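Labels run A, B and C following the written order; every chain starts at residue 1.
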């Protein structure tokens, strides 16, 4: 069990590496938070603004200052949203994205796993082709087409569901579906692949030979091992889902973190961008760690 | 590799040819490639040439209608297909070479090597993609374009495209590496590998002849996911103004343009349906080929492994 | 057991989600729901620069004057009346005795003067402090040349009288007094919380509404301010102001009746503009904004005025407005939209490809031969900018034989490249801060941070100085016209494309008290829901 603990202990180090890399990468991009369409009233005003955010210090100093603040749990003021700190912005938006992401994950697994299993069990048959077609649509229809399409049909055409905003449970259905379907297709592909891989392996045939019923063989011997590719895909997928989707949150006007990933970069809101990077990388490392742990548990043959 | 009459290669080819979907997919892909390269020449319609008939619905003259500048959508879709095929191919190539190689080595060597390799993947993974792509593209613009414009000014667009594809490709292999590694970890302990190891098969040969064939399935699945992902990511970049430079077009940028037609006021369906439809067909074909390859290349029980 | 564990975890996640929604489903609809566009960067009236930001601030605060909702001119606000001296240099404002903050505290003349002094202090970092340049000593204080802000030309004569001394006769000063940076702010809250005073709870407000809640990228929830001096006019008890920057979403919400008013052209899908403008619930109006092209006058080939004029002459502007923008924008080669403060801008360079080719030949590029490949830079954000670029590319190829490459840049890179003069020619636009040509023309002063063309012309600077000192309004406009002629007909460091058109969406059967006006000012005090 030692290596898994070591891996967990390594997470802060990895996050630090990511943060440092991002910090300097971000500063290498042209344009800055204080470049505006309208020039400042005077040089004096501009200098005062920069001084407030320690912009007049050398970069290494800003880096150390930032690092020190992060260790103390302060992610700094947002450079764009001047009445908010990054902690404040993340505090408001993270719960929303987590909720949406968790529900979309439910849809992705709930649709993807059965679909993939069915396709694999009927490999080459019509059920397989139908499932493949469905997943194909899910894979190649981009979210920015799927979302408006669902809105047009279910929201405006039939008028069943709200077209945007975040409030009652009804408002969550369309964004959850949009995000979920997109990932469900991927999950189904991986599941089908995992199943096919396992179904032909000798230990399944051995289990069949032992006289176990087909259902028992599949549930006990096939599905767990077939989950291997799905699970190793789950880490990054779940990190993407939980950290918020730019397109979906923008389209449905959902006050989550997704908007900040793109927007804080485009407005050079460095502190907010760094906040997002930290949030995402912590999430990703923890989820990857968990998915690797889960892999080991599901497939005892994996040893490190 | 030998080429005896009933070599595994031949058998694989036979199995591939027996798969109707795979053959149809392959023909379609080849056809699309050839068409996208030659049709724009044959038509003698400049895909970037505007006209005085904007937004005409498809008719005998403009098979796919025209856009806001009165440009012929058919020739733009053809040009766009060419660029998207290139973008997809580069993304797939990078995933295939770096991603598979990385995962294979990490999974096989295990231990410390594995830890280092996978942790560096984790680090790269956590870097924001937009920042990375943006940064490489801006650095290219500010550092390389000036230099290039003194030497080969006319080929700057081609270099710019190449820079974008490399930049996209450089982040598309990470998931592949993860997935391949997980699979290798599981395969490593299987009897046939252990047996091969015990009779002293050298590691490189073991990886290529025994591990890789068993990875064909996951690799193909991931490729059929990567190609659309890269192509669509390019369209997202175009949407943000970082992708294909106007007036050039890619299938992705055409779809991104057409997506605004999904509105309740006025729908010019052809602007979305044709590029998106072609994209779906291409991916379906790709999928079919992937399936065919998979059943053709995967080792069967009793094939001697 | 693996999969079942996962399934169970999923179930839990779903239940958690459902519970989360059950907790916050008390979303009863406000009396008025407005869509305001992007999330404001700040709602501090002294700091803000964005239009969306300004709308929230003007719901919460008011100046000595306020905008007339029908035409955007100044009318009495916190000051009930005022006197103007004969030379136009001294304004005396009489504060309403019943002017109060929403917390009940009285507002006094001292507080107004204190607020203005704070606005001009460089440490406040107010980008719009330049609006105080017309006030005596405003410019040197903002520039840091005078440290003592009490020397600003504003004084409290008594508890209810504010006197302002101006540097120049400023015909638009009453409109300035209605603008955000001139809003008095609550001194006690600012002294307590510093630059985060806007997050005070409760926030002392002076406008028709007070702040109940603010959720980023979601909405502002406001309630009627009972202490507002004109509270009798305000009928909506509660309004929601939504923040979001996706135009299709705003339109969908409006069409579904979830939003009563979309207050900004930028969040109405541009490509549907012509169709939407036909509807009775969409209102189109001329708007004080202009799109133009800047030339980099420090770089070959546009360092040559003949080349700039040749390009400006070959732009078929009506083609751009008819095909791309399609909302009835007025094609214009000037930088000032027609009618700003009663001003008629010069026509600028004429549309004349034949002369353009001759000019280009004179400059050494007959038929475009030898002309380097130039890049047209524009910011991404609206498809319209790209589409305009595609048309410009085609026009210059057709009329001048010039090859143009398009160079789209995301916003901040675009700004950085423009300020660094790292472009050949570039898209630009400007929205007037007040209804006067000066707000457009002073961008191109030699030392203006908004110039960004490298063009420095002493003659132009002198003309604008002369105009500022001129007391007679007609003569003043004459001088400004002379300056603009120099700018857009002779030297052409910049050439206009078209004047903007504003658009807002509101069903006139449901929403009253809102009128189109060229300032795009739609004050909240008059806005109301019409009850059937």
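The rule is simple: contacts are C-beta pairs under 8 Å (C-beta built on N, C-alpha and C of every residue); 3 or more make two chains touch, one makes a residue touch a chain.
For clarity, every value in this text was computed on a predicted model and none was experimentally measured.
Colleague: Between A-B and B-C, which chain pair is linked by more C-beta pairs in contact?
Modeller: Between the two chain pairs, A-B has more contacting C-beta pairs.
Colleague: Which chain lies at the heart of the structure, taking centres as C-alpha averages?
Modeller: A
Colleague: Suppose each chain is reduced to the average of its Cα coordinates; what separation in Å results between chain A and chain C?
Modeller: 37
Colleague: Taking the mean of the C-alpha atoms as each chain's centre, how many Å separate chain A from chain B?
Modeller: So the centre of chain A lies 22 Å away from the centre of chain B.
Colleague: Could you state the distance in Å from the CA-based centre of chain B to that of chain C?
Modeller: Computed from C-alpha means, the inter-chain centre distance equals 44 Å.
Colleague: Specify, in ascending order, the residues of chain A that touch 2 or more different other chains.
Modeller: Each of 29-30, 148, 151, 156, 266 in chain A touches at least two other chains.
Colleague: Return the residues of chain B touching two or more other chains; collapse runs of consecutive numbers into ranges.
Modeller: Within chain B, residues 134, 138, 240, 262-264 contact more than one other chain.
Colleague: Provide the list of chain C residues touching at least two other chains, using ranges where the numbers run on.
Modeller: 248, 252, 255, 410, 413
Colleague: Can you list the chain A residues touching chain C in their complex?
Modeller: Interface residues on the chain A side: 29-32, 35-49, 52, 80-84, 89, 92-93, 95, 99, 102-103, 105-106, 109-110, 113, 148, 151, 155-156, 159, 162-169, 172, 219, 223-224, 227, 250-256, 259, 266-268, 294, 297-298.
Colleague: Hey, which residues of chain C end up touching chain A in the complex?
Modeller: 1-3, 6-7, 10, 13-14, 16-18, 20-22, 24-25, 27, 39, 41-44, 47, 49, 122-130, 142-144, 195-196, 198-199, 215-218, 242, 244-246, 248-249, 252-253, 255-256, 258, 410-417, 419, 448-450
Colleague: Given the complex with chain B, which residues does chain C contribute to the contact?
Modeller: 248, 251-252, 255, 269, 271-272, 275-276, 323-324, 373, 379-381, 383, 386-387, 389-391, 393-394, 405-410, 413
Colleague: Applying the document's contact rule, which stretches of chain B touch chain C when the two form their complex?
Modeller: Interface residues on the chain B side: 48, 50, 54, 68-69, 134, 138, 153, 240-242, 245-247, 257, 260, 262-266.
Colleague: Residue numbers of chain A touching chain B in their complex, please.
Modeller: Residues 7, 10, 14-15, 17-18, 21-22, 25-26, 28-30, 132-133, 136-137, 139-142, 144-145, 148-149, 151-152, 156, 186, 189-190, 192-193, 196-197, 200, 202, 225, 228-229, 231-233, 235-236, 247, 261-262, 265-266, 273, 276-277, 280-281, 284-285, 288, 295, 299, 301-304 of chain A touch chain B in their complex.
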